[in-house]
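You will see two complexes here that share subunit A, one where it goes with subunit B and one where it goes with subunit C.
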Partner chain A sequence: MRETLTRLRYRYWPDHLLGEILSKRWTETAVPVILLLIVGFALSQSLEHFLSPSSLADTARQAGEIGFIGLGMGLVVIAGGIDLSVGSMFALTDFCALYLLDVLEWPVPAVIIATMAVGGLLGAVNGLLIGYLRLRAFITTLITLIIYRSAFDLLIQRYSNAIASAFPDIPSWNFIGGGDVLGVPSVALVYIVVAIFGHIFLTRLRPGWHITAIGGSRRSAYNSGIPVRRTIALCYVASGVLTSIGALFFAARLGTVGGDIGVGLEVIVLTATVLGGITLGGGKGSVVKSLVGVLVVLLITNGLTAMNARGGVNRMALASILLAAAMIDIRWQKNRTRIISKVYVAPTYHALPPPPPTEIGQGGPFEQNDKLRNVTLIGLGRIEAPEDVILDRNDVLYAGSRHGDIIRFFPPDYESMEVFAHIGGQPLGMAFDRQDNLYVCIGGMGLYRITSDGTVQKATDETNRSLYSVNDDSRLRLADDLDITDDGLIFFSEATVRYEMDEWPVDGLEARGNGRIICYDTKTGATHTALRGLKFPNGVAVASDGESILFAETFGCSIKRYWFAGPRKGAVEIVMDNLPGYPDNINLASDGNYWLALVGMRSPSLDLAWKMPGFRRRMAKRVPIDEWLFPNINTGCVVKFNEQGKILESFWDLKGVNHPMITSMREHRGYLYLGGIANNRIGRFKLENADPDFVHYDKRWRKPS
Partner chain B sequence: MKRFRFNQQEIVFVVFAALFLAFSIFLNGFLTADNMLTLLQNVAVLGILGLAMAIVVIGRGIDLSLIATLAVPGGLVLQMVQNGHSLPASLLAAGLLSIAIGLVNGWLIAYAEVPPLFATLATGLFVAGLGQAALFQLDVVQWSDGMAGFERLGQGSILGIPTSIVMFAIACLVVFVLLRRTRWGAYIYAIGDNPFAARVTGIPSRPIVVLQYVLAALIGCFAGLVMAASVNSMPTRIFNSTLIYDVILVVVLGGIGLSGGRGGVVNVIIGTLLIGTMLNGMTILNIPYAGQNLIKGVVLLIAVITDTFLNPRNEETAQQGDI
Partner chain C sequence: MIAAISAFANRFLGRGDATITVPSFDGALKPNQLLEQAETLLACDAPEDLAVDGDALLIADGPRLVRLAGSSPAEIRTFERPISALAMLPAGGLAVALGGTEVRVYDDIKAGTPTSVFTGDLNAVNALAHAADGTLIATDGSMVRGFSDWARDLMELGATGRVFQLDPKTRTTKQLASGLGYAFGAVADGGDVLVSESWRHRLIAIAPDGARTTVLGRLPVYPSRLAPAGGGGFWLTAFIARTQLVEFVLRETAFRRRMIAEIEPDYWVVPRLSSGHSFKEPLQGAHIKTMGVMKPWAPPRSYGLVIRLAADGSPRYSLHSRADGVNHGVVAAVEFGRDLVMIAKGPGRVLKLPLASLDEGIGA
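The block that comes next holds the complex of A and B.
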């Protein structure tokens, strides 16, 4: 009963999604966006005219003005600084615009250019002090805040009357202040243009990358040759210019210079920036984050004002949001990887019946023996991690190595070896096609083709993205083994879509159907996913009918058969299940049966743990990774089976001296060649009663005439 | 360079003496008994705040919420007495509020690891908003009869010395003993000098940081009471003023480097005298408020630039994202 509940709970509840969602970068933007939607919804419920066009246009104008300042602040914060002087710069440039227009009566374009220049100049003071003299950004801009503010106070004492008495009626100026295009306010339009450029600048252009790099680590940026001081100084200049653009629109809209213009603006903009998710201290941020932050803060402050809250409440609300956002951001940035690694492993329920016996004296096809004791060794100590081995028609032996090479050994004694091709990723399963091209599955890279002269070509490294997966499963993370059909379709297994090559044992701990069978068509070059939801699919071999493949599910402990053509197309059938070990590669034997490697044997403890997902989850959370209960992959064996699912023979190395660990085997001219992913050798084992002329790919593709 | 750093407080003292002399000679009404009293009274509050800031700055922090902790708990006492509560109860409430502010600041900085400038900027804003929204009926909280006798904290004199100066002196003594004669004081210096080393040595750095901010808040509250007593009211809009810059000026000009671990009470006294004289002189010169701020800002900027060159940031212990 309880077991049934556990099974159902783990079958239907998507535990694995939490870790995948958290590890996405967009979650950091999604949180403020959700907040924005909540605030917007709450306000539209509680305020009557919140969604009326005039109210929305008004909000858009304010958001545009503050949004410009937010962009500047965002840029400075991404570069690892802060700019508190924006409020005073806003006031000063606002004054500047109105003074030039109303008192000096300059034409509008000149006013715009001059105001932006003044903004840039004010920002340049900050930039000089912080970028070149390396003062602390916070304290420096706090001081320039007060200097600019007092300058503004002195100026309006003298000129406020002159500005207040002028009523300029210039159409272009009025358009800046109150015009719209198809109902979209002018300021919002300009903001959108600047924001799109800002996004491209930050994500696609070199200077934007420099800014992010400096924010991420100033010292590393300096060491890699980025002009740190100049870039930082220019960020403050940009902040000044962007603030002056906001001030221009503000000046055109209201046309006044009150004494409290821009007072406290820096807190609003800073709150918006932090709330949007731009990390204090730099290195992370985007234009969208800045915009979302500005909108949330503006909606909250406007909402409070509309509800007639006292000024103090507004301050308290801003301060609380600021602190909460900063705290969450700082804790999240600090603990992000730890939290994700804790929740990413999502074990599921996986029950297997007790395995068939393997002990000596118990009988049965898996009874242990010492047949592999007399294996001769090839390349001992000269090769590392030959996951698969293969022989071509000329008896040359090929194997992958951990260093990203395909190594080959030459007959007759297989003593001389050379690097046949360098690929770069770890080679796993291999197969020859009709033209003697070697197809190799490369962990972390995909499916590669090596022509007979050693040229490396990429066959495929992506498949169709499934609609509902959170992780991007179009990339091939762990292509494992392959076989080629008569029509030139390559079926290969991808062991898991949730873990990288170096973490593959963790997938066994999870025991979830994370793997898939993928088909690559050599004629069209198209790739598609044939089967998904498999528990670590591994070995693949085309069956005798030419219409189906046999494949091994390592952590499912089973061999299955999948029909890709013919009357049973699409059907999947179990050939063998409840194997005593974890099946790996499958290859053809000379007598028409199949060889199967068991990479490791099952243990009662893991079998039990697989029925207890909660236990494994607690283990993954509380115990360091090197003490987790992993599947055993130290001792295995080779078995021969037929398509009816009967085990015919098994080969063991009981003492574990020569060849305890086996992931692959290949029969060739009366010998069995053994590979293992943790081995530093290739085994060669003399088979009795085997066809001494059997050459795998001669039989597969017929002898060349 | 090293000799120069050693002499910084003496230089500031010489500047103060020269300024004082110049004002005495050239300004009518500077060297009068009345003006000296005003100067000293203003200086007293500023000096007490400077002590609070000094504790935090020595521990490599900064407290921008000081003005709020000056205005709000002090105002709370006056408001509660006005509303009919007894004076001791009101004082207790103000003390608890200050401790709460200090604890929040300290927790945010030590445990939540929010940069101090940022955390105290926000808490200052919050406390000021709290006072504005929930505690005070008017911006200026008036003196009431229940406060009778309490004004002696800021007015009158003891043994011929104005009481507020005596209060400043007492505060100096307490802070001096704390910083130089207790283990906690030594810890604060150690944390300011190198927080990581302090932590590795086994100093309870997080509780000590919290302690710094609680002390600063309590001293700030004390300064508020002295101020309220000397002017018989509490103008809570003082939060909007630039007083916090004066306090930072006192500390930085006095020679307590913003990178922490250096300086002491003497530096605060010297800084206070210089700033007090400067502000008083400017007032007599009839420079408008905005003009005074401009001058203060420029002086502060020069002081910070000088500080950066004299006490450069320690690149080994400065953290990424230390803004």
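The block that comes next holds the complex of A and C.
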């Protein structure tokens, strides 16, 4: 009863989604967005005209003006700096625009260009001092805040009357100040354009990435060859220009140069920036965060004003929000990855019936023996982590190594070896195609092709993105084993979409169907996902009918068959289940049956733990991974089975001294070659009654041997 | 109420009693491989305890009592049940515990009838030691589980260990302590008795009035029998070592209950005297052989350890057989001549290491 409840609960409740959602970067923006919605809702309830078109347009105008400054501030903060002088720059450029327009009577386009140039210039002073002379951003911009403010005060003493007495009536200037398109204010339109560009700039363009990199780690950015000083200087210039754009709209809207313009603006903008989630430490932020922050701050200040709160209260509220935001920001940034790592691992219920017996004297197809004890060894200590082994028609032996190489050994004694090709990732399953190209699954990279002259080519490293997957599953994380059909389709397994290769034990702990079978078409180059939701799919072999593949599910302890063509296309059938161990690679045997490597054997304690997801979840949290209960992959065996799912023979090594782990085996001219991913050797075993002329890929491609 | 809440919070957050940290082998317990270098004196089926009889060594091997003088072992006598503890009395008498439930005292090692027999409610007597006043100290591991069923007692969080004082003259039994987390091993220390409290990973001193003090606590191992050392101090053996996984399982009631009910004891997640016999044994992450080697620092399912204690009970140095070794499950150590003789119950061996090399080599 309790077991049934557990099973149902883990079957229908998607535990794994929480961690996946939290690890999305956009969840960082989620908190301020929720805050914005709450504030918006509260205000719409307490203020009558809050949602009226005119009120919204008014808010949008202010939001646009401050939004430009927010973008500039955001940029500077992402680069790891701060710009306190935005308020003074705002005042100065506002003055500049009105002076040029009202006193010097320049045409509007010239005013715009000149004002932006002045803004850029003011920002350049900051940029020069901070970027090139490497002064502290805080103190420098504090000083320029004072200087610019003083300059502004001096200037308005002389010119405020001249500006105040002018009433320019220029349509284009009026449009900038109060115009709209379909009810959307001009400033909001321009802001949207700039914001979209800013988003693309920050997330898709090289300079944007440079800025993020500098903010993340200035030294690393410098060491990677990023022009740190110039980029930082340019950020301050951009901040100046963006501030001047905001000032232009402000000038066109109000046309005044009062003494309190821009006073305290830096606090408002800084609050908005931090509230939006742009970290003061640098390296993190986005345009959306900046916008959300600005909106929240504006709504609060406007709301308080509308509720007749006094100026002091207003500022106090903003300051408290800034303090709270900064505090939450720091705690969240510090603990986010910890929270994710606590909730990401989501074990599920996985029940297996008691395994068939393996003990000597108990009989059955899996009865242990010592046939493999005397395997001879190839490349002992010279090759590391040969997950799969393969032989070509000239008897040359190929194997992967954990250094990212394909190593080959030459007959007849397999003593001499060389690096055949360097790929850079851990090579796993391998197969030859009709033209003797070697296709290799590379953990963490994808499917690669090595031509017979050793040239490495990428076949595919992505597939179609699933509609309902929260994690982006388009990239291949752990391509594992493959086989090639007569029509040139390559079916390969991807063991898990939730973890990297070195994290396979975590996937085993979860025992969730995280893996899939993927098909790559060598003719069109297209890749698509054929099957998903498999428990660590591993070995793949094309069945004798040419219309289906056999594949192993390691943690499902089963072999299944999938029809990719013919009348039963799309069907999946269990060939064998409840194996006593964890199946790995499958390869053709000379008598038409199949070899299967059992990489490890089931233990009762892990079988029980697989039925108790809560136990495993707590284990994952409390116990270090080296001490976890693991699938036993020190002992394994090789079995031969037929397509009807009958085990014909098994080969064991009781002590496992010579060859501890078996992840793959390949029959070739009367011998069986063994690979193991944690081994530093390749095993070679003489088979009785095997076809002495059998060459796997000659038979596969029907060539005369 | 507050205690219940804090217990729940501890369980939820993995703090307080719910922490599974295990002290590291450090200081005097810094690992070495000295036990692996020990000479094998004798291979037995089921060695259990050691005693010294003048110039000969007595070994309890299952129900057999073996006498080893020189290099030739000779079976002296066989009991009807396995010997669970062995002690030589100062006057040449012999004390044996049989099957954990009975203690017999003989006048000499070949005497046919015992001078006194203690049964009563003895259940799992696993060590005997003679006290200065002529009495016999017996530790009884558990009131509910038999002497060889200690793993079940551990998994059931057993706390029913007792210490008895047996007086062969008056044939009376006096209980010195009860409610211990598996008492396994005792030695007289002046008027006090030092007792290994295995499940609480400590060595306690029990005064004649029953007052207990912790002499050596927070051990990374489960201590077992004790023996006096020449020049003051003691030899303390540890039959199994702690691992974080076992500590975790001890706090997982549902898993433990199902494990005890559904799985054969050999394959439990529990420390053992030896390991690596079947792939059905639980395997932990660091146990995976990489490049053909299992690392010695892997969490030990079985371990070999002997600790030399100073007279005040503080550890001076230690002899190890680590996770990749075989001389595991050390249950007894005695000084014999110029050697330290030990029983590694895991592989069924009686081991010998020259004392001089230990004092020199480790510089203690």
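Note that in this section the second predicted complex is superposed on the first by the 519 of 705 C-alpha atoms of A that agree within 3 Å, B and C clash if a C-alpha of one lies under 4 Å from a C-alpha of the other, contacts with A are read in each partner's own complex, and residues count from 1 in each chain.
Basically, a residue touches a chain if its C-beta (ideal position, glycine included) is under 8 Å from a C-beta of that chain, and two chains touch if they have at least 3 such contacts.
These numbers were taken from a predicted model, which means no experiment stands behind them.
Of the two partner chains placed by superposition, A:L275 touches none, neither subunit B nor subunit C.
By the touch criterion defined above, A:E384 reaches subunit C but does not reach subunit B. For subunit A, the partner with contacts to more residues, out of subunit B and subunit C, is B.
In the superposition on chain A, A:A91 makes contact with neither subunit B nor subunit C. By the touch criterion stated above, A:Q157 is placed in contact with subunit B alone, subunit C being left untouched. When both complexes are overlaid on chain A, the residue A:V623 reaches subunit C alone and has no touch with subunit B. When both complexes are overlaid on chain A, the residue A:V639 reaches neither subunit B nor subunit C. Look at A:I143: by the touch rule set out above, it reaches subunit B but stays clear of subunit C. Within the superposed three-chain model, A:L606 lies in touch with subunit C and out of touch with subunit B [touch as defined at top]. No residue of subunit A contacts both subunit B in one complex and subunit C in the other.
Residues of subunit B touching subunit A in their complex: 62, 108, 112-115, 117-119, 121-123, 125-126, 128-134, 240, 242, 245, 248, 258, 288-294, 296-298, 300-301, 304-305, 308, 313, 315, 320-323. For subunit C in complex with subunit A, the touching residues are 14, 20, 243-245, 248, 252, 254-255, 258-259, 262-264, 267-269, 279-292, 294, 298-299.
Residue ranges of subunit A in contact with subunit B, taken from their complex: 80-82, 129, 133-140, 142-144, 146-147, 149-151, 153-154, 157, 217-219, 263, 267, 280-282, 309-320, 322-323, 326-327, 330-331, 334. Here subunit A touches subunit C in the complex through residues 384, 505, 600-606, 608-609, 612, 615, 618-619, 621-635, 656, 660-661, 678-681, going by the rule given at the top.
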